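Reading through the structure tokens given below for one structure.
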Amino acid sequence: MHIPDNYLSPSTCAVMFTAMIPVWTIAVRKVKEELTKEKIPMLGICAAFSFLLMMFNIPLPGGSTGHAVGGTLIAILIGPFSACISVTVALLIQALLFGDGGVLAFGANCFNMAFVLPFLGYFVYKFIKDRVHTQKGEYIGIAIGSYAGINVAALFTAIEFGIQPLLFTTSAGQPVYSPYPLSVSIPAMTIPHLLVAGVIEAIFTVAIFAFIKKVSPGTIYEGAKQKTKAVFGLIAALVCLTPLGLLAVGTAWGEWGTDEIKDIVTGGNALGFVPEGMRNGFSFEALIPDYAVTGLPDIAGYILSAAAGTAILIILFKIISSLKKDKAGSNLG
Amino acid sequence: MDNNKLKMTQMPDMPKMQEMPKMPEMPGMPHWLLEDEKYSPQSDRDAFISKSIVGILSILSRIRTQDSRSTPKYSVNAAFKVAFTLLLLIMVSISQSTAFVTVIIVYLLVVLCTMQAIQIVKILKVSFIMSFFTFVILLPAALLGNTYSIVMITAKVFTSITAVNILSHSTRWNAITSALKRFFVPDIFILVLDITIKYIVMLGDFALNMLRALKLRSVGRNTSKYTSLSGIAGTMFIESKEMAEGMYDAMQCRGFDGEYHVNSHFQFTAADGAYILIQIAIIILFVYLGRT
Amino acid sequence: MIEINNVSYSYSGVTALQNISLHIEKGEAIALLGPNGSGKSTLLKLINGIISPDQGTYTFDSEEVTGKKLSSAQFTKRLHQRIGFVFQNSDTQLFCADVYDEVAFGPRQMGLSEAEVDTRVNDCLSLLGIQSFKSRTPYHLSGGEKRKVAIACVLSLNPDILVLDEPMSGLDPRTQRWLVEFLVHLNKSGKTIITSTHNLELVPEISSRAILFDENHEIVGDMPSGQLLEDVDLLKRVNLVDQYYHCHQGSDHKHFHDHSF
């Protein structure tokens, strides 16, 4: 569910990041209120735990492996606000330090995995647990909470992907970012999560929670001491307003916005885009539209090739000589 | 002091050591322990343990190597690198000019060839893998007539991943985290970041050993893989709580009062100057090529 | 049974084992000694098939253990069943919710019937004197108790060889004494015991043969335990003892004194 860079426009990323700022601010405030400063090391360590949890390969029927996010689990274990901060930190480290992608999309990823997933999951869990006062009820709450949490997070991800071709296209009508509209992105993301990823997440969450409850129940978060109605309101507001914000920013971003939307809605096919240039078939220029290096003099092209060629040769040389030195190889076992 | 002058002296007669209290009789060995085990393991799908082990090992190795690296002579200030890498990512993302993306790729290749071979391999590995996946994801769109995305986005993904990885491989992470202070990130966040990195190593080591223990005892068919994995994850969580308490006690003993002071001494060097000039050139190019 | 020939191993450019050769027969009781970082733990990992040598060969029961063989699940599982490994840190060894399940984990994997599993678990628990812990959570036990659980859960696999990494660390003297007796008992019953330890005093009791590593990751001594402990110069050279080292054997003992200042 991690969104890589270049699939979302920078303006989308900016909107999602901005939407997270109030969430982070409130989370920090809540954490400071509910817990003393001795919880600062705990946030870091829980972030490490969240990070490592995402690294676990989980066996799937059929032999392959998958991954879980564990956002709801962490929310149940340490509270949703602390979970928000811990998952945020884990995502930051993944993106910026491990270079796995998602630096610009950081805001969006946090919105999906550090906000929607833990909060929704936690509140569904709490809702069920408070109404079914049995142990079974608690576990059902956990299962449904984590399942719902990750699926709604996946839905949000799909929406963020899907509105890209709607809002951001080149003058030739090509989508600049993710080319798959809502009609594609929503089923593509939600179906695997409903059928597979959500189930894994639910099982994993319940199993780990059960273990901890049995072994060390005192470490589990007791529950917010204050009423959380206000937070509910904030969450509802954010959830509704963010898409509006996205749309607003999108259409404001270029004169081409409204025209293209019209095109797509009326003249387009099921996939939503049939750019003008493509109608005449496959031609080389159309394959790489700007290849004429528009705007740069020819000499720039020569310099570029020379620089690229030299750099590549140096890189290959370095790699080969290091392979020769390293005959014993490195054993990761 | 002459070691040859070591003398052996006879101690006065020590009283005989007390007889040790007799330990309870060892129970007799059960018969099955005395026999060889004739066991032929069934097959089972437990690649997930090895995969998890390898994954965590590479993370730990990555964190450790970046820390042991020494700062080269002509190094650019981390804050500049972070700021301009971010700016570069934004420009690449916005740009619709293949020319611009091409120039940036060449620029990154040139930067890459100044790095060590191991780093180059690691960086390119990630970039190629991510680009490949992007290519595959965009293939359906391409086959239906949209060839712009598959070229541009794949190229952009390659560029962004390479740029961020160059940053993270060429800079000490504690320099990156303290550079965030310049971006108005509160000191307390930076503290949490630093703690997290440290504990990814410590908790990761713990997890690694647990996974190894699981592997060593996975001698047959495990019908409750989820239980084993969740046992490991659960134990990790409890352990992490204990680590947190221990750490807080230690911090208190050293006078922690909730404030974390990130040291940022700043000296503008020639390397900084050269770097900034190059970045400005890139920005100008971006604007110029974006005019069309 | 175990043949290690000219094995070298390094990790991330750091040498851990340098040209090690070693031969261990079935039924022996061996102690591995050496300063920290000398390669003892790495050798143990090698023996257990967690890593494979960069150079040289490791042969177990006439079959060579290579990286390739270790990628075969069948081979690895059989190896792990025959060689049991007790970690230094018992916390990382235990991952089940109660002691019974922990000890039952191995036999259950092996496909034994639940009745046989039950027999084995109860046998192991009584061997180690921890029957009362059957439904306790391993995580909450004391260090010594955890060590016993760890040993039990490895023993239930009925391995031919038991490898222990610093088993005495963190144990009180009484439990240490118990463990020594237990290892002797196991060895007399036919199990091969390989122990890595810092505890020189106990070495002659838990082993008949001692192998000494030095800081260059090489083996510099391989002889009967009593003999190695007498060779104080060697022990000092590898930095395992200092000039105040002495060994309590009977009623008189030697002290080295330096009166030159």
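Think of it as A, B and C in the order they're written, each chain with its own count starting at 1.
Keep in mind that, in the parts below, a residue touches a chain if its C-beta (ideal position, glycine included) is under 8 Å from a C-beta of that chain, and two chains touch if they have at least 3 such contacts.
Note that this is a predicted model, so its numbers are computed, not measured.
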item: Most central chain, judged by mean C-alpha position against the global CA mean; value: B
item: Pair of chains joined by more contacts [C-beta pairs], A-B or B-C; value: A-B
item: Between subunit C and subunit A, distance of the C-alpha-averaged centres to the nearest whole Å; value: 46
item: Length of the line joining the C-alpha centres of subunit B and subunit C, rounded to whole Å; value: 31
item: Averaged-CA centre spacing for the pair subunit B and subunit A, given as whole angstrom; value: 19
item: Multi-chain contact sites of subunit B, meaning residues that touch two or more partners; value: 46, 61, 227, 231, 235, 238
item: For subunit A, residues contacting two or more additional chains; value: 211, 215-216
item: Shared interface positions of subunit C, touching two or more other chains; value: 12, 50, 97, 139
item: Complex interface listing, subunit C residues touching subunit B; value: 12, 48, 50, 73-74, 77-78, 80-82, 85, 87, 89, 91-97, 105-106, 108-111, 119-120, 123, 126-127, 129, 139, 153-155, 157-160, 177-178, 181-182, 185-186, 189-191, 243, 248, 251-261
item: Residue numbers on subunit A that touch subunit C, as the complex places them; value: 211, 214-216, 328-331, 333
item: In the complex, subunit C residues that touch subunit A; value: 8-13, 45, 50-52, 54-55, 67, 70, 97, 137, 139-140
item: Complex interface listing, subunit B residues touching subunit A; value: 45-49, 51-52, 54-59, 61-62, 86, 89-90, 92-94, 96-99, 102-103, 105-106, 109-110, 112-113, 116-118, 120-121, 123-124, 126, 130, 134, 138, 141, 144-149, 151-153, 156-157, 160-161, 164-165, 167-169, 173, 176, 188-189, 191-200, 202-204, 207, 225-227, 229-231, 233-238, 240-241, 243-245, 247-248, 251-252, 256, 258, 288-289, 291-292
item: Complex interface listing, subunit B residues touching subunit C; value: 1-3, 5-11, 13-17, 20, 23-24, 26-27, 29-30, 32-37, 39-44, 46, 61, 64-65, 206, 209-210, 212-223, 227-228, 231-232, 235, 238-239
